[in-house]
Amino acid sequence: MSVATSESFQATAKELAEISRSFYARGWVLGTSGNFSAVLGREPFRLAISPSGVDKGALTAAQILLIDEHAAILSEHPVKPSDETPLHLMLTGMRAAGAVLHTHSVWSTILSDLHANEGGLAIEGYEMLKGLQGVTTHQHREWLPIFENSQEMDALAHVVSARLNELPNPHGFLLQGHGLYTWGTNVAQAKRHVEILEFLLEAVGRTRMITANSQKGV
Amino acid sequence: MSVATSESFQATAKELAEISRSFYARGWVLGTSGNFSAVLGREPFRLAISPSGVDKGALTAAQILLIDEHAAILSEHPVKPSDETPLHLMLTGMRAAGAVLHTHSVWSTILSDLHANEGGLAIEGYEMLKGLQGVTTHQHREWLPIFENSQEMDALAHVVSARLNELPNPHGFLLQGHGLYTWGTNVAQAKRHVEILEFLLEAVGRTRMITANSQKGV
Amino acid sequence: MSVATSESFQATAKELAEISRSFYARGWVLGTSGNFSAVLGREPFRLAISPSGVDKGALTAAQILLIDEHAAILSEHPVKPSDETPLHLMLTGMRAAGAVLHTHSVWSTILSDLHANEGGLAIEGYEMLKGLQGVTTHQHREWLPIFENSQEMDALAHVVSARLNELPNPHGFLLQGHGLYTWGTNVAQAKRHVEILEFLLEAVGRTRMITANSQKGV
Amino acid sequence: MSVATSESFQATAKELAEISRSFYARGWVLGTSGNFSAVLGREPFRLAISPSGVDKGALTAAQILLIDEHAAILSEHPVKPSDETPLHLMLTGMRAAGAVLHTHSVWSTILSDLHANEGGLAIEGYEMLKGLQGVTTHQHREWLPIFENSQEMDALAHVVSARLNELPNPHGFLLQGHGLYTWGTNVAQAKRHVEILEFLLEAVGRTRMITANSQKGV
């Protein structure tokens, strides 16, 4: 039996579709924005991934594609995978993530613009940081790198990969004017990372609304 | 069989009613604000449109009217179509839109006031822009014209039409202190355009909350 | 058959309970805040009203009380009506409202504080104003009077009534640090007035977040 | 029959799980943040408490643990109780609370940072304060102490307890960059206190967004 018809693919596709609809309800993947993937096997490499250009509030398990490490479609779908597949392949390949979730929230969009010149955004001192894999204290300082947005996804994946390799234990990054990428060893952990980072970006953004005049930067 | 009792009218009416209730849940059509239409045929011209003065959180498919190009009601409804029917007829007629959706969000209301003196609002540099029909890069600059609000809908439709004809590929416009109009080749595309433009207006508005002091304008 | 067991009382109680739960979902009646009433008859006067001190997110039709013009309970309930019953009796009696809805939103609370010194808040130029009964143009100017909060409800009702009598066609008022009162000829119209006024207060409040520095006042 | 299989434990576990999911929907316990407990008996002491590290949007009654006054697990669960159990035991033990709810909202996080230097935050003049147990007028002044966050929960519980003993009738406290703790004689009262304090923190925070420039402090 092929992976495309396996129970584990069906279960993972259902999990991704449910996350899509719940993120849509929160306003994190409006329009056709956002994309999601999860690794089903490594030898051979098999990735479940959301298709390009669909309404994320209506995404169903049946629409989730199965692709290989070259982005070739192995399931019977007449559509192509997300345009941002090279970023998903880089994160699940070189960085060994088990799942990758990409959201377009208002707060990640705003902060990715306001901090673009600094090349990233530091978040520290929040208890919520402890929800990130491997973080054990609120005194942790998370550096969220920000990359210039691009429509050249292969080149962008290369730049992002090189920068992430320089950081000790990164949990996500921002694309300027675009949104947040995060990942985890499995879908549940990646979902937790989205919620934590989106929460922290909102806390940082709203704090700046109050403190914008007395202090520049956060 | 008349269009008013056809399956395609029933399906479109259901689609518009579902959009109405989901937009209401997001706070985009509170009270009796907002109105929605979709073209069912062009020869003769047939338009499904929401009635005037109803609670958009409780709109049902059975309440959707069928009208012709003169706004004459063809379905058996004792009510009149939306007061803003002339704008819908202009957009679906002269501009050939397949569906028109009009929302009253807090952000479109605020920004339509703050930028009224400039005659419009430019939105550029956001990945989310790519969800607008025909836009292929975040480097796109969308000009959202703002018109003075009016209760003279025929005159307003004339002014809006003339201005839209001067723009290369407009996707929407704002009425001052009133809200957003957008459209698409079909209901799904128009819904996507609402979500994208509402998202971008929120991002622009919240950014101004942070940057209001250091820089005037966005 | 008494009014307390009549179908119209059951239907009205259900309507008020549904509004309570939907307003709770929007964050307008958190905790045990907010109260709601609707007139069932005038000769003799009969009012359906929410009880004191209950969770508005869990309010059921069975909890709605029936009272007379002296606030005497006519239904078989072991609880007392809302502490703010005198305001409901004043609005449904002297002002002849058919239904009264009182919400505690964040925006009404904030603006009732910031504008208390001016004795009220003017809202004008918004299309949404047209949803208020009797208003036909966005050029309408709605004056929302603000009263000092009090725990002496009979005295407060007297003060509010006297002030409302001086205004041409008031649709609501604010109690400082407390919330919004609005009403209508029936429950549906009062609900529409809540949505419209809450929307407008949010629009005014968020606008002030942007313009707070360049201009004082709205 | 043991408490762990009793109907009252099942009912309380269900109540805590429902609160968890509703708070998650409001964005107050994203990721795995937040924890909840309720006293089932005092001789011997028995506490129902949420487990460590679970998704609060998917918490079920079956996941709620039963522990004694030493945090020993009496139910058959392979997991440990919340890391913050010492705070729950202190509040339900020394302070005799019947239920304790801890949330991580954006507003409590922001204000716990901005007011940390003052050791707390005063909230006064709001009608909503009347929903706090024992408060009968909006003229009440609630002092919400803020404590430095720590991963040493036993030591933190000691510091918090000592400070709360100095206050007349405290209803909650903030941990810096972390969130809100509140409690009540039962689960329903504690839930009401969460809603009231979260509402008030949002009102205070948003007011500061408007007034940040003209006046420092609230």
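A few points about this structure:
Note that the chains are named A, B, C and D in the order they appear, and that numbering of residues resets to 1 at the start of each chain.
The rule is short, and it goes like this: contacts are C-beta pairs under 8 Å (C-beta built on N, C-alpha and C of every residue); 3 or more make two chains touch, one makes a residue touch a chain.
Note that this is a predicted model, so its numbers are computed, not measured.
Superposition angle, chain B onto chain C, using Cα atoms only: 90 degrees, a multiple of 5 between 0 and 180. Interface chain A/chain B: under half of the residue numbers present appear on both copies, so the contact uses mostly different residues. Rounded to whole angstrom, the centroid-to-centroid distance between chain C and chain D, based on C-alpha atoms, equals 31 Å.
Here the CA centre of chain B is 44 Å from the CA centre of chain D. Contact of a single residue of chain C with at least two other chains is seen at positions 209, 212-213. Applying the touch definition to all chain combinations yields A-B, A-D, B-C, C-D. Listed in rising order, the residues of chain B touching chain A in the complex are 22, 26, 125-128, 131, 136-138, 188, 191-192, 195-196, 198-199, 202-203, 206-207, 209-214.
On the side of chain D, the complex with chain A involves touching residues 27, 30-33, 55, 57, 104, 106-107, 109-110, 113-114, 149, 151, 175-179, 205, 208-209, 212-213, 216.
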